[in-house]
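My questions all concern the structure below.
Every chain is named by a letter (A, B, C, D and E) in the order it is written, and numbering of its residues begins at 1.
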Amino acid sequence: MRKIAIILATLLLTTTILVNGAAAEKILRIGIAKEPASLNPVFIHGVYGESVAGNIFDTLVSFKESAKEAAPLLAESWTISKDGKVYTFKLRKGIKFHNGDNFTASDVKFTLEAIMDEKNASPSAQFFKPVQTIETPDDFTVVITLTDPYAPFLLALGSHTAGIMPKAATMAMGMDKFDRAPIGTGPFKFAEWSPDDKIVLTKNNDYFVATPNIDKVIFRPIPKPETMAAELLSGGLDVGSELLPQDVSRMQEEGLSVKSVPGLTSRYLGFNAKRKPFSDLRFRQAVYHAIPFDQAIPGIFRNDGDRAYSWIPVGVLGDDVDYMKKHTLPYNPAQAKALFAELRNEGILPENFEFTIYSPQDPQRKKIATVVSTQLRQYGITVKVETPEWATLFPMLKAGQCDMYAMGWGSVPDPDRWTYKIFIPESNMNFSQYSDPMVTEALKKGRTISDPVLRAKLYQTAMRKALVEDYIHIPIAFLKTTIVTSTKVQGLDPSPQRYIHLVTAKRNVDIK
Amino acid sequence: MLNYTIRRLLLLIPLLLFVSLFVFAILKLSPGDPATALLGDQATEEAIALARAKYALDQPFYLQYLQMMVNFFSGELQSIFYKGNVLSIVLQRLPATLELGFLSLLIAVIISIPVGIISAVRRNSFFDYASMSVAMFGVSIPVFFTGILLIYLFAVILKVLPASGYGGHLWTIEGLRHMILPALSLSFVLMASTTRLTRSAMLEVINQDYIRTARAKGVSRFVVIMHHAFKNALIPITTNIGNQIARMFAGAVLTETVFAWPGVGRLAVNAIFRRDEPLVFGCVLLMAVVYVIINLLVDLVYGFLNPQISYD
Amino acid sequence: MDPDILLEVKDLQTTFTTEDGVVNGCNGVSYSLKKGETLAVVGESGSGKSVTAMSILRLIPEPPGQIVRGQILFDGIDLTTASEKEMRKIRGKEIAMIFQEPMTSLNPVITVGRQIGESLKLHEPQLSSTKIKQRVIELLDLVGIPSAEQRCNEFPHQLSGGMKQRVMIAMALACSPRILIADEPTSALDVTIQAQILSLIKKLQQQLDMSVLMITHDLAVVAETADSVAVMYSGRIVEYGAVDEIFHQSKHPYLDGLKKSMPRLDIEQEELYTIAGMVPNPLDIPSGCPFRSRCPQEMACCQNEPPTIFFSDSHYARCWLYADGGHHD
Amino acid sequence: MLRIVFLVNLFLLLLFAGQITTNADTLISYSIFAVITLILAAIILTLRRRNKTKERGIRTGWDLMWNKLRRNKSAMAGMWVVCGLCYVAILAPFIVPFDPYIMDWGALSLGPESHHWLGTDEMGRDTLSRAIYATRIAMGIGLMAVTLNSLIGTSLGLLAGYYGGNTDNFIMRLLEFWNSIPFILMAIALMAALGSGLFNLILVVSLTGILEFARIIRGDSQLLRQADYVNAAKVMGIPDRQILKRHILPNCLAPIIIMATLRIGETILTIAGLSFLGLGIQAPMPSLGSMLANGQQFLYENITMSIVPGTVILLIVLSFNLFGDGLRDALDSRITQ
Amino acid sequence: MTDQLVLKVEDLKVYFPVKKGLLKRTVGHVKAVDGVSFEIKQGETFGLVGESGCGKTTIGKAIVHLEPAFAGKIYYKEQEITNLSEAEMRPYRATTQMIFQDPYSSLNPRMTVANIIAEPIRFHRPDADVTAEITAYLEMAGLRKECMLRYPHEFSGGQRQRIGIARALACRPEIIIADEPVSALDVSIQSQIINLLKRLQRELGLSYLFIAHDLSVVKHISDRIGVMYLGCLMEVATTKELYNNPLHPYTQALFASVPIPDPRKRSAKVPLQGEIPSPLNVPPGCKFQTRCPYATELCRDRVPQLEQVGDGHLVACHHWNNLHKK
């Protein structure tokens, strides 16, 4: 026993001494909550893949600095025709891919066509639906023609799922292989992917924007936020994200740097518009009245989120905050009781009604579902909470099988991305099976025009109808994006979309 | 011995059949499908349909099953999520799992066997009560909780060991440092059960006639215990440890999750969550094979320890 | 003290503390073993015959067992108070023991050769390992195990019951002890093997000039082997004497009954004699003569501790029947 | 002793009679408790009658076991705690200071204080009340799962052991195959396939460890099959079914009970582990595992949130293990570990 | 004793397969019982004696279908019962009962004495007055009826054996197979059980197949004795004949090995050498040849058959005649 203790102690000692000795390379260790599924832009869905890919690939235009305004990146400049259908991009010259290939217009054409290619089943193909032709008159000009005007088209091009891939190398490897060994033009080169362990990127000395200060970036998927917090506190990680609010406040006390910005991620509750009694407006109103959201939301999200009143995030075109806030239903148990009683009398709400509320497995949405369940229990309604995995949950949601659900959304700062797929009846993202001609018309029109004032009006109309007349969803909160970094890390700011951009025109993250 | 080994290995055939059918049935009974999981929330119906066709998920069940079996045996099973060969993915993970398992086993054995022996010899002494109480606590605390406590103690407060992750192979310093905490938390349960088992096995052996014979020869107490008793007690202890190793493969899921450990257990669990059917299929089948092989090895060791058993 | 006396047990009492109370394993047992002599201790199960033998080598598990009274004198040392270290020198070297169950008394995971060699290594450390091996083979030869060299490397389960008992004997005799305690050495064996083992013990006893303490429940074995006999009942010696006196001038009603109730090969019997009742519960032994409840000649005085009546120098019985001076009808 | 317990029971019954509302929980609890009190009364009466009729202490195997058990202090401590936990579990609706579901948004994540004795969780729910309810659920599930588990394990083991030969081969091989699928994976996959209801959870958990169970019962019944009294029954022409029922099963009972007792602790730990992976008992139902898994996220802010469920799990597992170990010693059974 | 045969065993063989190799094929047999024939008359005791492993217990078990017969025939009175199914066997079940060696494992520890004895009564005679019968059988076995509510572990070995006897009697058997019924008992108890068995035979006209290794006990209770060695009968004769005139060298050696409880009859006899060969590896020819002091070539080549050498005296030895003269 004692011998073992002595051996262990000496081992520990020597190892700690040895490890503290070495620090030649500048290594940035970033904790992410989940492992990305893909690094091939064509296949990427979800913030984790985009976050990593954003540092490997570059897009034609960039939203890295400002989520609202496109900045040049691979494209030096661009023009949009008057009718909003023809986009002409002038590409930057002299850029090389990580493998040494020259970047040309054919790579752009190849990448965009790969996304649109049905065989690749790209999740982002839908954003390129309006594309009619892609032409490359010369090596550094790309002309994209759309069938109809499409306001968020630059956003689509600027999103990391449209990172430009080298044509020759990709074709040689094949799409699937490329996924595991991506090659881009970005500030970092892909070095290693050890599944469930880490993704390692090394610096691209030839990066055309700036030479990265950091030599090596390690992305580590850490499934448990409490473990990530411990890693940050113990110095095992330099950057952490998606931490628990209670841990964030502690880390601030411990002297770590905590930065947060209002985010582009929302949480909401949805009802099914096709199934009884959820289809009844009064039921939805009653539920709204039955739950003390004003108390529960700060309780659940703490400093991590603000109450939402609309689908469109604050600050995004057409947010309409004041109106929506005014028309939100207050906590009113008496009213809720009356409405439920009324529904029971009419036979719409059965006695001892039981249903299931679905939510993904993250603690906060689970808590929202729990609050609903607990509150409705007091009105004689039994609510089961089910938290299946994504792969189970999505098909159910898409098939419109969920009576009530707590979900979330995250996207770029354009109202179309926040509404269109959610509320039009043809969309498979319309989990509520909501269908209202007025809303549908407004949303369809909204994406084709580019006049901001007109667009704002259209989105206001749609949201007012759907949310404070039909109460088909209850917006819960917009989450902040908070990142915690060790004091050594300099120049890293959170992005509203939860991306982690290390090198941009204005930023070059460094470690002291 | 060879015959015995071959016969045991032949049992793999019905085993694989049984396990594969079971796993396949479970996979197909589960709602959701790999295509949705892979393409995410934004995917359109058409994209999903295409992906389904790509992975042959639109075929009749029996064809899918046959295809999976054929792929499995030809080593061609491709993970949907990782887009790579299942076998090589598992093999890539194997070192992390094996090393962790080995280290925790080592810790458990080094600590629990002597403690168990001393408890048995000093039955009803303070040491006995103390070590048995600790062992009881060991089996009573959920492993994920000990894990987080260890992290906070050693990584956050004392700052002597890294909190999580795989740092390299066991024989590298960094690798060892990373492995100590997960191995410790994993070995807790193993330690507890091994200590208890060692104690009871020793107690049983100590009452045997041959121990009396040895004492009648004038053999000292120490030699009686170490040479005569322990050799016999080792037989049940080996069986227990063998069982535990076989289970460690997947039993480590909780530990691996807490410590963000890239092990086979978490691979399989994530594969289930991601509906990566070929990967689940391959993983479970491979684990079953490993289980059988480890059990076989344990049985052979058992035969080596216990001369009364002959395998033919 | 008689110089011929090698081992003397005096007024030995060994108790066991069980959950139901304290049990006397043996109570006031005295006997002495002379050089070259075979003393048989005979009794039914639970009579305490093994306990006395185990007490000699202090092999009683403590707790629950404990020697509470009496002396065991060997070579001028009182074994009841000897240190564990002293005892280890005596065990196997001076006094060796063989046990009833050869099946379970050999360690199943150690080869026969090593088990025998172990006592040699222990008590004669000057021997080299080749010497030890040679001695082991000699010993196996001595106890009549064919192809001894090969048997050395075998494990106990590869041997038959008789062979195992021979190995046990070889192990006991490894250091040429002065006393061999044989605790029911043949009761687990077949008749033909029993005869072989008994004659082997006899042969070796003469060869090595040992004293044997033979513990058995079988009167026939006693008659075949013993010089003196101690008959035990409920933890006490009820009669003690030379073998001829025990078989032909027995005094105690228990011994009488025992002899009459045996079916015999050499004489014709009609109905067997039976001793009524059962052996008393060790937790609940009646006062006075423990046999009185089963005794056909029970008297009122039997409730008192029976006196020890000597019929000759070597022959005594503890029974009220002879209290007036000792006679036999 | 029993009589005092009975009187306490009666007293509690009267005390809580007023609190039976239309709430199904309280009604169920009350009736279960009433039934237990009745059974207790019946036991007291039969014991009394037996005391009168028996001339000298008739000691059955159970009596002997009880005597041995009674001397084992840790086992008795375990037993008393188990009994106490049973009381808590059954009477939970009557003894909770708060509704375990009610969220008090004004009292989030409190430490122990005069109002909430053991504090509240991050949603303002009373930790003590939740722990009491969680105990009830854990014990209930544990008991049901273990019952199911031992039923399956016992019957398979009995059949395999008694009939031997091909039956034995078939059953044991099948169970070994079953065992070769790592349990956690199987549980996750099954839960995914079946959905995460309480019943499914019980079913899944009860499927673990059947092999160990069956192995021991098989070993025992193999030995018993050769026992002379079974031979005697066969010679008398008693059919197999009856031999299994009258001769083999009753003599396997001891290991079954011991295994079951030890398994309850394991079951609770398994469920806690599943909760950690998000597959255990679903919110808002309080469960020890999810309370602990949740509390672990608040280790710094509010340590009582982990200590309370952790202690209760420890208490349950420890007491069942101690009790089971004591039982094993008392019965001197062949089971090791 | 009458002349009516109650049990006849003809050339009974009980083999256990030995499985080996990759596919566990049967490569041979352990010949536990290898062609044994004998018969028992009503009211007679047939003693079967031999050393452990000679197959005597297996014969007993084969008769009551606890072990399957490999070949040969078993008759109860005129009826052949060798291969009857369990259902066909049922009418004969009660007629042949067994008493076991180990008094501790022969009684179900979880049943009261009353239940143990009631089981066969309820099964075979559902209409009987169970309590009265239990009392009667207990009395017959020499137990008081107060025992009824007790459990087996409260009894001593001898009393347990009595309970076992009562249970066997409760079937109203004609034949009792007593498998070493007294070898686990102390001497003073042994005689009680032997006397009880003899008394029951007188009163109920039972036939016994008495299996034992203790020659003295067998001699005391049997009318006729069969001596077994390695699964074969070596010699069969009436008790008196066998003891006065043992013909087979093995029988002679057995007798010589038995110690005599009389120090004056101590003899310097030479015990039989060697050990019983493993039943897996039976010597060819006469099975006793490896240990027989008189063995010749003939013994190694040919298996001696049991032959009639006198009134009911059978012996299986090539040289009995020569030995006899010697």
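In this text, a residue touches a chain if its C-beta (ideal position, glycine included) is under 8 Å from a C-beta of that chain, and two chains touch if they have at least 3 such contacts.
All values reported here derive from a predicted model rather than from experimental measurement.
Novice: Can you name the chains that touch chain A as well as chain B?
Specialist: Under the touch definition, chain A and chain B have D as mutual neighbours.
Novice: Would you pick out the chains that touch chain C and also touch chain D?
Specialist: Correct list: B, E.
Novice: Going by C-alpha centroids, which chain is farthest from chain C? Tell me that one.
Specialist: It is A.
Novice: How many angstrom lie between the CA centroids of chain B and chain C, rounded to a whole number?
Specialist: Distance between chain centres, rounded to whole Å: 53 Å.
Novice: Between chain C and chain E, what distance separates the C-alpha centroids? Give it in angstrom.
Specialist: Chain centres of chain C and chain E, defined by C-alpha means, are spaced 32 Å apart.
Novice: How many Å are there between the centre of chain A and the centre of chain E, using C-alpha atoms for each centre?
Specialist: 86
Novice: Multi-chain contacts in chain C: which residues touch at least two other chains?
Specialist: Where chain C is concerned, no single residue meets two or more other chains.
Novice: Spell out, as numbers or ranges, the residues of chain A touching 2 or more other chains.
Specialist: Where chain A meets two or more other chains at a single residue, that happens at 226, 388-389, 392.
Novice: For chain E, which residues are shared contacts with two or more other chains?
Specialist: Residues: none.
Novice: Could you pull out which chain C residues touch chain E in their complex?
Specialist: Going through chain C, the ones touching chain E are 44-45, 160, 162-163, 190-196, 198-199, 217-224, 226, 243-244, 247-248, 257-259, 261-266, 269, 271-275, 278-279.
Novice: Under the definition above, what is the set of chain B residues touching chain C in their complex?
Specialist: 207-210, 212-221, 227-228, 231-232, 235, 305-308
Novice: List the residues on chain D that touch chain B in their complex, please.
Specialist: Listed in rising order, the residues are 173-174, 176-186, 188-190, 192-194, 265, 269, 272-273, 276-277, 289, 292-293, 296, 299, 306, 310, 313-314, 317-318, 321-322, 336-337.
Novice: Across the complex, what residues on chain D touch chain C?
Specialist: Against chain C, chain D makes touches at 67-68, 71.
Novice: Which bits of chain A are touching chain D when the two form their complex?
Specialist: Against chain D, the touching part of chain A is residues 225-226, 244, 246-247, 250, 292, 295-296, 299-300, 361, 363, 366-367, 369-371, 373-374, 377, 384-389, 392.
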